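Both complexes below contain chain A, partnered by chain B and then by chain C.
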Partner chain A sequence: MDESVVQDVLGLYEEKIDKSDLSAKEKSALKKSLKDRYTNMYYDCGEAIGVIAAQSISEPATQTTLRSYHRAAGIGLNITQGLPRILEIFDARKEPVTPAMKIYLQKEFNTKEKAIKIAASIKETNLKHIMTLDSLDLGNMTVEVELDKKLIEKLSIEPDKIVSAVKRKIKNLNGSIEGNKIIFEINKDKVTVKDLQTLRFKLREVHVKGIKGITHCIVEKTSNEFVLYTLGSNLIKVSKIEGIDISRMKSNNIFEIVETLGIEAARTTIVSEITDTLRGQGVDTDVRHLLLVADTMTQSGDIQAIGRYGLSGSKSSVLARANFEETIKHLVDAAVHGLSDELNGIVENVMIGKTARVGTGLVEVVMKTQETPVKVVKEKKE
Partner chain B sequence: MSEVYVNGYFAGEHDKPLELVKALIEKRRVNKLPETMNVAYHVDKDEVQINVDSGRVRRPLVVVNNGVALLTVDMGEKLKKGEISWADILKKNIVEYLDAEEEENAYIAVSREELTSEHTHMELDGILILGVAASVLVFPEKNRGDRLNYGSRMAVQSIGIPLQNFLMRDDTTYNVLVYPQVPIVRTDSMDAIGLESHPSGHNLVIAVSTYYGYNVEDALIVNKASLERGIGRSVAFRSFVTEFRRYWGGQEDEVCIPDASVKGYRSEEDYSNLDEQGIIEIESKVPAGSVLVGKISPLRFLGVAKEIKMGLQNFRDNSLTVSNGNDGIVEKVVLTSDSEGNKILSVVVRDTKIPEVGDKMATRHGQKGVIGLVVPEEDMPFTADGIVPDIIVNPHAMPSRMTVGQLLEIVAGKVGALAAERINGSIFCGKEDNIRTELKSLGFRDDGKETLYNGITSEKMEVPILTGITYYYRLYHLVSKKIHARSKGPVALMTKQPTEGRSKEGGLRLGEMEKDCFIAHGAPITLRERFGSDKVSIPICKTCGVVAVEDHIKNKKYCPLCKNEAIVNVEMAYAFKLMLDELKSLLIYPQIIPENS
Partner chain C sequence: MTIGAIYLNDDEIKNHVLVPKHEILNAKDKDAVLKKYNITVEQLPKILKEDAAIKSFGVKTGDVVKITRKSVTAGISTYFRTVI
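Let's look at the complex of A and B:
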């Protein structure tokens, strides 16, 4: 073991120990016991840490399987929990079933009013959300949209902004505001009823305010500040909104994190997401197992799933891959390319009945049968 | 407009579905529509379903009119006496049959007392809210629902008298309880179901107590003398069948005592119990592996020409033998024939099974247990009257499972035994207070507890212990049919790995997950040893990497491909060699490259 590593880690505590009001003897004893504990925690050479990590995660997971798939997260948002969520992470699915974000605010924006305002600017608002009625005026061949006045004021949306948003989205259109109504007219010679009908459905989906894909945004007060919870995730767009504390912004969409914040952030997210879901099921797994999983998943600089198309599928041994899944594919592939198996892994050796190179199988007795003993005897005599 | 369906097919629409349903039912009740018609209105789907087709399960209910049941108490009495018939009552529409759909619209009272003007029907009897399986349970209303589930599920596994003509039959396996008893605490439906004539258990004197730790975790302590008196004793029958076939060329199977020249001849002793026809004598003891019917069949493959000419070994021994763990005494031999006219011989072997440590027993309250110790009667606790319990269950079985019904059955059984009467334990019929007062009037404590004395030291026990009578089933999970261990034994021909299953004296599988445990412990050498059951040493050609040939006559090894004699022996799992062979059959050429070549 590298002594400098031990020193580095212990250095974090040395200062505190030195400052404390212990006697010199006690201090050195404490340092020694700390060092011993640290060195004792090292895995032994040849220990099958992967298998231990897998068992440490999967055994408790089997007990949580039958518990509820979805659980309300206390604030009315349904976020995937339990085993489905763990599978989602380990399988490295591109998009989680329920992407979600947790957004903290900067100090000067940490009031209820401002938080609600920011939430309103984040939540996706379409025309259909802010209108009370849309109808076809067949006499004038127009579409009338009646707006929800209270809601518009609450979200501070101005009617002309709606018109311009609609115009951006749908071409050849005129909109005029008449009190609470907006009347849309199609710039066309012959307008049919069918045109109006399709326009009506198009209008409903026009994006007016907020960030696309974020369907919910809820403000909640924690012990000392306001936090926003969202359903739907968009790190880039949310980070551009004023008043948001970017450094503490969280998302559960790991692939999005890789793209925006990089692989290290993704690794941290994998660990924290699994810890949180496991803890939510009442399971307390040692972080180091999860760190190992997260490290192996991210070691290539990209997220690799644990499974057929990820880590297990990229093992170097033909036999190990064939043993896992898609046996025929791997064997035929190996035959076509004339691959050979060096029999270094565990599964291959178990298959052919050889001692696997782990644990006690790692060491072999090497003994010089002739020279050494004779020499030793001679030296002693002289 | 709600939709109207007849027998599931759309028939039309109607404005006022409720009135339609009402009108149809009224017409049915004046016999203007068939009695087999059922109508239901589904509020959620807003549709009327009228059914007159076959295959609907229907049950009888008393019609209630303005809170008054049409079946009066008086009529019920007359019905019992046979003065009026069931058909009369049906004809008068006092009782009608509802199917599951119409039942959804009905408001059914369970008893006469709870009738209100809103009720549309009344149960003929409270027990009818239960199905067949649940209605045999006593005091079900005092137990938790899941216990009733377990209880009725275990009643199915009980050994009893399933058929009364069992001596005439030759089913593959069947168990019959010796001298079964009808339960002291009964239910009303038992007679109708047939359990009065086919009972499946015994009334046992039970004490709820501990006994030196031998009844922890639901184990049972059983009195040895009770077993000797015949408690839970059963007879297991098993039949062994052999068929006599005809083959091409006029050859056929033959019953006889095989000649010593027959291929696969056992030994003279093995055939000694057979009569001159080659069939086992009735009432002879047959240990596992012994011959029941001597039978010879023609050889499947012809042998060397010399042997055929000499008429030697033209037959092989194909005798019927007792399979492993099914030894016993021959009950009877049945000779019949199958549909193709082939002769069939079926030998029924019987074995008396006395309950032993490891056998399973259960009450009607889902309280199952395995016998943990058989105690001589003199060591069992006893009451002041000298009553010794047959069975001792651990009190820990009660609080978490909350089977209050069982406690009540113990007390009620005691009352029944003392007063020489059967107690009705049907749902809503058992009244705790009545049972208690009756027990008190018989001169016992009303809670059923008694002072017991230690059977070994004869010391008085400090705490009074609940003793009474409970009906116990013996379940057909017998240890003697399950116990299994193996050190060395038979291997499968193809893989050279140990066989699987108790009947083939197989090994216990060390599976994928167990394998992972060995690796997690860092013990691959132990793992190799455990997986080494099919270890073989195979000659491999150093140049081709293919399995070589070992010629024992010339005492040399050579490669079948390159005729090279540079061969090494490689140790591997036979299953792996098999896989290499299979790969070769797929035109994949796997090479083994030894390390030092």
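Let's look at the complex of A and C:
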């Protein structure tokens, strides 16, 4: 590694050390021990860091919970945790089982009332959420919907808007507002009871307010600001809502992040998601293993899973792929296309019984530089 | 992505906390990087031409993008990706 990197890292602490009231001797001793510590953490050349990373992650992962849910922010939100979540990230599933977002607010919107209002405009609200009763009026052949007055006031939805939302969704319909009720009428000569029944079920699902797919949105107060947690994720639509701090909104849907923010943002998210999941289970894996995995998963410019259809399937060596899964398929493929294998990897060399090119196997001759080289050479020749 | 979806604008992407600084290297710097690590362009990690973070730069295939990340372990770290 570059000497400059070491200097950069030490630079972070150098100022603090210089300001402290230690003696000059102590200061230099502290700096030296810091530097030693840092350089001691280097991997040696040829170290099989991938294997170490794999074991460092998978061993603690076996200790995490298998199928449990974690209640984020106290109420309501069940977000996948533990092993299922880790698998989800490493397998690069297109959609997590529980997509979730964390949304911060702009400074001027950081009050309880405004936060609640924004939460209301994010959460998906269908007609069924804001009505108390829907019934068929068989005398007039209409459907009556009784609205929850308190709730629509709280969410600041106007009954007119509901009618126009319904009209956009369902054609040939008339809606009139009578106090707390909305009466829907079908524009048709002969209306059957069956028509009314279907209408009633369709009405329940009409989308009135909020962002589709975001089923929950709750407000939580952290030490100095209000944060919104959602179940369901839609970065682009949320970003259009007034008062959101776009630069800090986060999602746990990695593919959505790639599309909206690019591959580097996805890499950061992979690292933070795995770290958070492991931390939540009380596991403290060194972040450098996760960095290595995230770098490897994103090196093709897109997210690659770790498994048969991802990284292991795209290895260049035929024997390494055959060793992993679907042995016959890979060997037949190689035979048909006349592929060759350079035998550079570990598994290939284990197969043929040669020293693998890792660790001390990487170098072929080692000379002790301290002793006189002439003597060593002579011994070798004899 | 579905047809007709609206994207975030370039400033919003650039200022996002998850997006590190992306820069395109000029020919001289690119050669210096390749020489320093003794590699060819193909051996670098890749980034798509239409990647959200660089699509406004007007990059072409074969360019090298320098990414300056904030690192937990090394303060600031640089990373290079080649455009495909």
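Everything that follows uses one rule, which is that the second predicted complex is superposed on the first by the 313 of 382 C-alpha atoms of A that agree within 3 Å, B and C clash if a C-alpha of one lies under 4 Å from a C-alpha of the other, contacts with A are read in each partner's own complex, and residues count from 1 in each chain.
The working rule: contacts are C-beta pairs under 8 Å (C-beta built on N, C-alpha and C of every residue); 3 or more make two chains touch, one makes a residue touch a chain.
These numbers come from a predicted model, not from an experiment.
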Q. Clash or fit: how do chain B and chain C relate after the overlay on chain A?
A. fit
Q. Thinking of the overlay built on chain A, is A:S340 touched by chain B (first), by chain C (second), by both, or by neither?
A. first
Q.
For A:Q299 in the superposed arrangement: first (chain B), second (chain C), both or neither?
A. second
Q.
Per the contact definition in the header, classify A:E259: touching chain B only (first), chain C only (second), both, or neither.
A. second
Q) Should A:G46 be classified as contacting the first partner (chain B), the second (chain C), both, or neither? A) first
Q. Just chain B (first), just chain C (second), both, or neither: which does A:K354 touch?
A. first
Q | Which partner, chain B or chain C, touches more chain A residues | A | C
Q. Is A:R248 in contact with chain B, with chain C, with both, or with neither (first, second, both, neither)?
A. second
**Q.** Shortest CA-CA distance in Å separating chain B from chain C in the superposed model
**A.** 22
Q: Using the superposition on A, tell me which residues of chain A are in contact with chain B and, in the other complex, with chain C.
A: none
Q: Flag every residue of chain B that touches chain A in the complex, lowest number first.
A: 515-517, 519-525, 527-528, 531-532, 534-535, 571-573, 576, 583, 586, 588-589, 591, 593
**Q.** Complex contact set, residues of chain A against chain C
**A.** 5, 8-9, 11-12, 235-236, 239-240, 246-248, 250, 257-265, 268-269, 287-288, 291, 295, 298-302
Q. Which residues, counting only chain C, touch chain A once they are in their complex?
A. 1, 5-8, 12-13, 15-20, 22, 45-48, 51-54, 67, 69, 72-77, 81, 84
Q) What residues of chain A sit close enough to touch chain B in their complex? A) 44, 46-48, 51-52, 54-55, 331-332, 335, 340, 346, 349-361
